[in-house]
Amino acid sequence: MTQPPISRFPVPSIESLPSDIKERILAVQEKSGFVPNVFLALAYRPDEFRAFFAYNDAVMEKDSGLSKTEREMIVVATSATNQCHYCVISHGAVLRIRAKNPLIADQIANNYRKADIGPRQRAMLDFAIKVCLNAQATSTQDFETLRSHGFSDDDIWDIAAIAGFFALSNRMASVAEIRPNDEFYMMGRMPKS
Amino acid sequence: MTQPPISRFPVPSIESLPSDIKERILAVQEKSGFVPNVFLALAYRPDEFRAFFAYNDAVMEKDSGLSKTEREMIVVATSATNQCHYCVISHGAVLRIRAKNPLIADQIANNYRKADIGPRQRAMLDFAIKVCLNAQATSTQDFETLRSHGFSDDDIWDIAAIAGFFALSNRMASVAEIRPNDEFYMMGRMPKS
Amino acid sequence: MTQPPISRFPVPSIESLPSDIKERILAVQEKSGFVPNVFLALAYRPDEFRAFFAYNDAVMEKDSGLSKTEREMIVVATSATNQCHYCVISHGAVLRIRAKNPLIADQIANNYRKADIGPRQRAMLDFAIKVCLNAQATSTQDFETLRSHGFSDDDIWDIAAIAGFFALSNRMASVAEIRPNDEFYMMGRMPKS
Amino acid sequence: MTQPPISRFPVPSIESLPSDIKERILAVQEKSGFVPNVFLALAYRPDEFRAFFAYNDAVMEKDSGLSKTEREMIVVATSATNQCHYCVISHGAVLRIRAKNPLIADQIANNYRKADIGPRQRAMLDFAIKVCLNAQATSTQDFETLRSHGFSDDDIWDIAAIAGFFALSNRMASVAEIRPNDEFYMMGRMPKS
Amino acid sequence: MTQPPISRFPVPSIESLPSDIKERILAVQEKSGFVPNVFLALAYRPDEFRAFFAYNDAVMEKDSGLSKTEREMIVVATSATNQCHYCVISHGAVLRIRAKNPLIADQIANNYRKADIGPRQRAMLDFAIKVCLNAQATSTQDFETLRSHGFSDDDIWDIAAIAGFFALSNRMASVAEIRPNDEFYMMGRMPKS
Amino acid sequence: MTQPPISRFPVPSIESLPSDIKERILAVQEKSGFVPNVFLALAYRPDEFRAFFAYNDAVMEKDSGLSKTEREMIVVATSATNQCHYCVISHGAVLRIRAKNPLIADQIANNYRKADIGPRQRAMLDFAIKVCLNAQATSTQDFETLRSHGFSDDDIWDIAAIAGFFALSNRMASVAEIRPNDEFYMMGRMPKS
C-alpha cells in the first residue's frame, strides 16, 4: 500500500533545503531516529520554518517556572480542543515520555477535567483552554486564580504563549493536513527496561 | 490624567533592550512617528520578540499572490472575530492606508459579509474565518472554492498562515491587554492633501 | 463611481412621504447636516417608521438614571455583538460625541471587557450583553448584581429596553443591509476647536 | 394559594392609566374575556407601551402577503427559540385559533422542522430563525430561496419585521418575567361545537 | 385527510409481534385507551424494544428518592432541550397528570428557569440539563450543590440516568420522526370532575 | 501508590452480585483477561445493568449491514465528541483490534474528518455526529446522502441507534467518572506475532 501524503502542499527533499534548515532536520533525525513530518512540511517555506521553530524553542525549551511535562500538557490539551491530528499525536508521545506516564496523554487529549492531575495543573489547563477558546474574556480574576495556585506572572505569560503558539501551529497543521509519523503512536507507552 | 498601562506585564525601557531589538524599534519609530505598543510589550521576552516579528515579516511583508491590502483584510477580519483590541485598532489603521479607503476597516471589523468587497475577497475572508474558528473542518472543498476564485495553493497557504499567525498574536495581545496607541484610531481616515 | 444602495428594499423620496415623517426627517437633516440612511430605509413602511422612532425616543431620549453616554454604550456593545453595520457605525459616532471621547466607541465595539470603562459601566454592559444573547437566563442574581452597582430597578428596565429595542433594530438593519452614511465614520474623532 | 406576580416590575392599576391605554386594555378585555398580562406589565411605561403596540399592530394586524396564521407561526417559532414563556404560551393560543389546529403550536414551539407544515412555511420559518439567531449572515441567497417559494420582497420584509419585533418582545418579557395568563394554555385546544 | 406516518421506518402490525411485546403493548392500550406510537415504532426491532423498555422501567418506574413528578420534569426539560417532539408531547401529558397541574409541562418545556418550581427542583433540572448538554464537565461541585438541596448520591445517579436514557430516546425519536399520538396534547389539561 | 477509584458511586464486589450478572462478568473476564470497569460500576444497579448490556448487545453484536469495525468507529467518534474517557479509551482498543489497525482509533478520536477512512465511512460518521449533537435537525436529505453511499434504511437505524446508545453510555460514564482499565491503553497497538 502506498503511504498517504504527509501534507496537502509540496514537500521539499532534505537535500534541496537551505543548510541551516537541513542541519536542524538532520539533528532531529539523529536524536529521534526519524524526521517528524512537521519539519518537512513546514520547510516548504524556509522563512516561516525558521520563525516557527525559533518561537517553539523560545516557549517550549527554555528554563521556566513550568516543568517540561506541564508545557506538554498545555500543548496536548489545547491541540485536542482544536482537534489537531499532528500536534495531539506527536506531543502526546512527548508528554508520555516527559511524564514517564503511559496514560496521561490520552486522558488529557480526551478530557483534561477527568485526567489524573492535581489542582495546580487543573488550574493551568483551565486557563490554557480559556486562552485557546476565549482569550478575549481573560481577566484579572484569571490571574488571581492562577496566583493562588502558585503561578507567577511569568508563568502565566508562558501558559498563554504556549496556548497561543499552538493556536497557530494547530491551524497550519490542520489546513495542510500534516500527517503524524506512525512512530509517534507507540512512543512512551512501554516501560523502558 | 495618567495614561493607562500598555500591558499587564512589565514593559522594558528601550535603552535596556538588546541592540537588535532596540534597532528594530527605533526604525519603526522613525517610520511611523511613534513606537507601536506591541513592540514594547513583547520586548519583555526578547527571544519570543525576535521569533514573533520574523514570523510577521515572513507572512505579511514578502511578495505574494495576495496584495498587502488583502493581507490586512485577513488580519482585521480574524482579529475582530477574536475581539482583539490591539490588532483591530492598529491593523485597521494599516488597512485604511493600504486600501486608501477610510471606511473599509470599520466595515470588515464589524461584519465582513456586508463590507464593500468583491467575491474574490469575500471567498478569501470566508476561508480565513474558517481557519480562525474551525480549522479542523477545512477540506478539499475549501481549496476548490478558493481555486475557483483564482487563488493558487500558495495563496491558500498564505491566507492560512496569516489567520494562524494572528490566532497567536490576538491571544497574546488579549491576555497581556496590550493597549493600542491612540495614534492608530485616526490614521488613514482623512484624505492626504 | 456609483454610490452603493442604502437598502435592499425600495427607498422612497422624501417628497413622497407622509407629512409627519417628512417633517421628522427634515428636522434631523437640519440638525445633523445630512439624512441618516435609517430614516429613508425605514420610511418605506410609514406605520413601522412611526412606531420605531416612537420606541427609540421613549428609550433613548427621555430623562433616566442612565446617562445618554451610557445608553449609547449599550447600543454600541449590543449592536457589535449582533454585527450590525448601520447601528455600530452610526451610534459609534453618537457615543464619541456624547462621551467627548474619540476612542471609546471603537473599544466597546471591539471588546467592551477591555474598554476604558469603570465597574458600574462594566456591570451595565455585562447585563446588556446577557439580554442580547441569553435573556431567557436572566435572574434575580442579575438584578442583585446591578443593584450593588447602584442601578435602580427602573435603570434595569432601561438597560433591557435599550438592548431589546436594538435587538429589533439590528435585525432590520442587517436584513435590509441599511448602509451607514459615510459622514458617521469621522464624527467625533477630532477635538472641537 | 396566592397568585404569583405577573411581572418583576410594578404593575399599574387599570384605573391609574392614561385614557388611551386604558381604552385599549378594556377593548382587549371585552374581546378576550380577560386582560392579557403583557398589557398590564408594559403599561408601567406608557410611552413604550404605545410604541410597542403600534409596532405590533403594524406588523401583525395589517393586510399582507403572509396569512395571519403564518405570522403567528413566525412568532411561536422565534419565541420558542428565545425560550420566552409569555410569547410562546399566549401566541401559541392565537396560532391554534387562527389555524383551527389544536396541534400546530406545540409542534412549532418544540421543533418546527418536524411540524405538520409544507415547504413554503418551512422556508419561511428557516428564514425567521436565521433572523432570530444570525441576522448578520442573511444574504442574497436567502432572498432567492424565499422567492423560489413564492414570497415577494415585501413578504420577506414582513418575516424579518415579525422576527425582529419579537426579538424585542421576547427580551422584555423574559427580563420582566411576564407571566402568561392561565387562560392561554387551553385556548384553541377543543373543537368549537 | 390521510394520517401522517408515525415513523420513518416500517411499523409492524401488533399481530405480527413476538408475544411478550404484543402483551406489553396490549397492556398499555388497556391502561391508556390507545397505543402510544413509540411502542409501535420501536417494535420494528424487538431486541432493542425489550432493552429500551427494561431501561425505561428501571429508571422511571421503581421507587426512588425522586418523586414520579420530578422524574417526568427531568424528561420534559431534557427532551425540550433536545427538541424531541415525541418525548415532550407525550411526557408533557404524563407530567400534567402526575403533578395534577395543567400548566407545568408547557412551562418546563419552554424554559424551566422561569417555571413554577422551587429551589430543589431548580437544582435538579440545572444538573439534568448539564448532563444533557455537557456531561463531560460534571464535577464534585455539582454533587455538592445537589447534596445541599437534600439529594442523596443515589438520587444524583437517578437524575443522570433519566437524562442519559432520554438522550438515547430523544435521538431515536427524532431520527425516526416518531409522531406523538394526538391524544397526548389534551391529556391532563382539564380538571377531573 | 493507591489506585484511583473506578467510579464516584459504590462498586459492588463480584461475589455479592445476582448470579446472571456475576456470570456475565466472569465470562468477560475469561475472554479479556480482566474485568472492564464499566461492568463493575454499572452493576451497582442490577436492573439498569441488565437493560444496558441488553441494549449494547442488540446494537453492537448482532449481524448488520455495518461491519463490527464500522460500529466501533461510530462509538469512538461520538464518544470523543462527548469527551467520554471510558468509552474512547476502551472502545478505541476494540476498534484497533477489529480494524487490525493501530492508528485508526487515535485518528478518529481526535478528528474523524482527517482520519484514514473512505467516503462511505466519512458519510457514516458525519451522520453519527449529527445524531450525537443535533439529532433534531436530521432530515430526508441525510437519508438520501447515506443511501447514495450504499446504506440501507436499516443501516441508518443502526447508525442512529449506536450513536443514541452511546449518548446514554457517555453521560453515565462521565457523571460516574468510570475509569478505563489501564489494560485498554495498549491493546491492539502491537502487531500480533
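Order of writing sets the chain letters: A, B, C, D, E and F. Residues in each chain are counted from 1.
Everything below uses one rule, namely that contacts are C-beta pairs under 8 Å (C-beta built on N, C-alpha and C of every residue); 3 or more make two chains touch, one makes a residue touch a chain.
Just so you know, these numbers come straight off a predicted model, no measurement behind them.
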Revision key, fill the gap. Contact-pair count is greater, between A-C and C-D, for C-D
Exercise for review: Tell me which chain's centre, taken as the mean of its C-alpha atoms, is farthest from subunit D.
Suggested key: A
Revision key, fill the gap. Distance in whole angstrom between the CA centres of subunit A and subunit E is 44
Revision key, fill the gap. dist(centroid_CA(subunit A), centroid_CA(subunit B)) in Å evaluates to 24
Exercise for review: For subunit B, write out the residues touching at least two other chains, lowest number first.
Suggested key: 83-84, 111, 114, 136, 174
Check your understanding: Mapping chain-to-chain touches, which pattern fits: line, ring, star, complete or other?
Key -> other
Review point. Considering every pair of chains, which are in touch?
Key: A-B, A-C, A-E, A-F, B-C, B-D, B-F, C-D, C-E, D-E, D-F, E-F
Review point. Within the complex, which stretch of subunit E touches subunit F?
Key: 8-9, 44-45, 47-48, 50-52, 54-55, 57-59, 62, 82-84, 131-132, 135-136, 138, 143, 153, 156-157, 160-161, 163-165, 167-172, 174-176
Check your understanding: Considering the complex alone, what residue numbers of subunit D touch subunit B?
Key -> 136-137, 139
Point to revise | Residues of subunit D touching subunit E in the complex | key: 4, 80, 83-85, 88-89, 102-103, 106-107, 109-111, 114, 116, 174, 177, 182, 185-186, 189-190
Practice item. Give every residue of subunit C touching subunit A within the complex, in rising order. Key: 111, 113-114
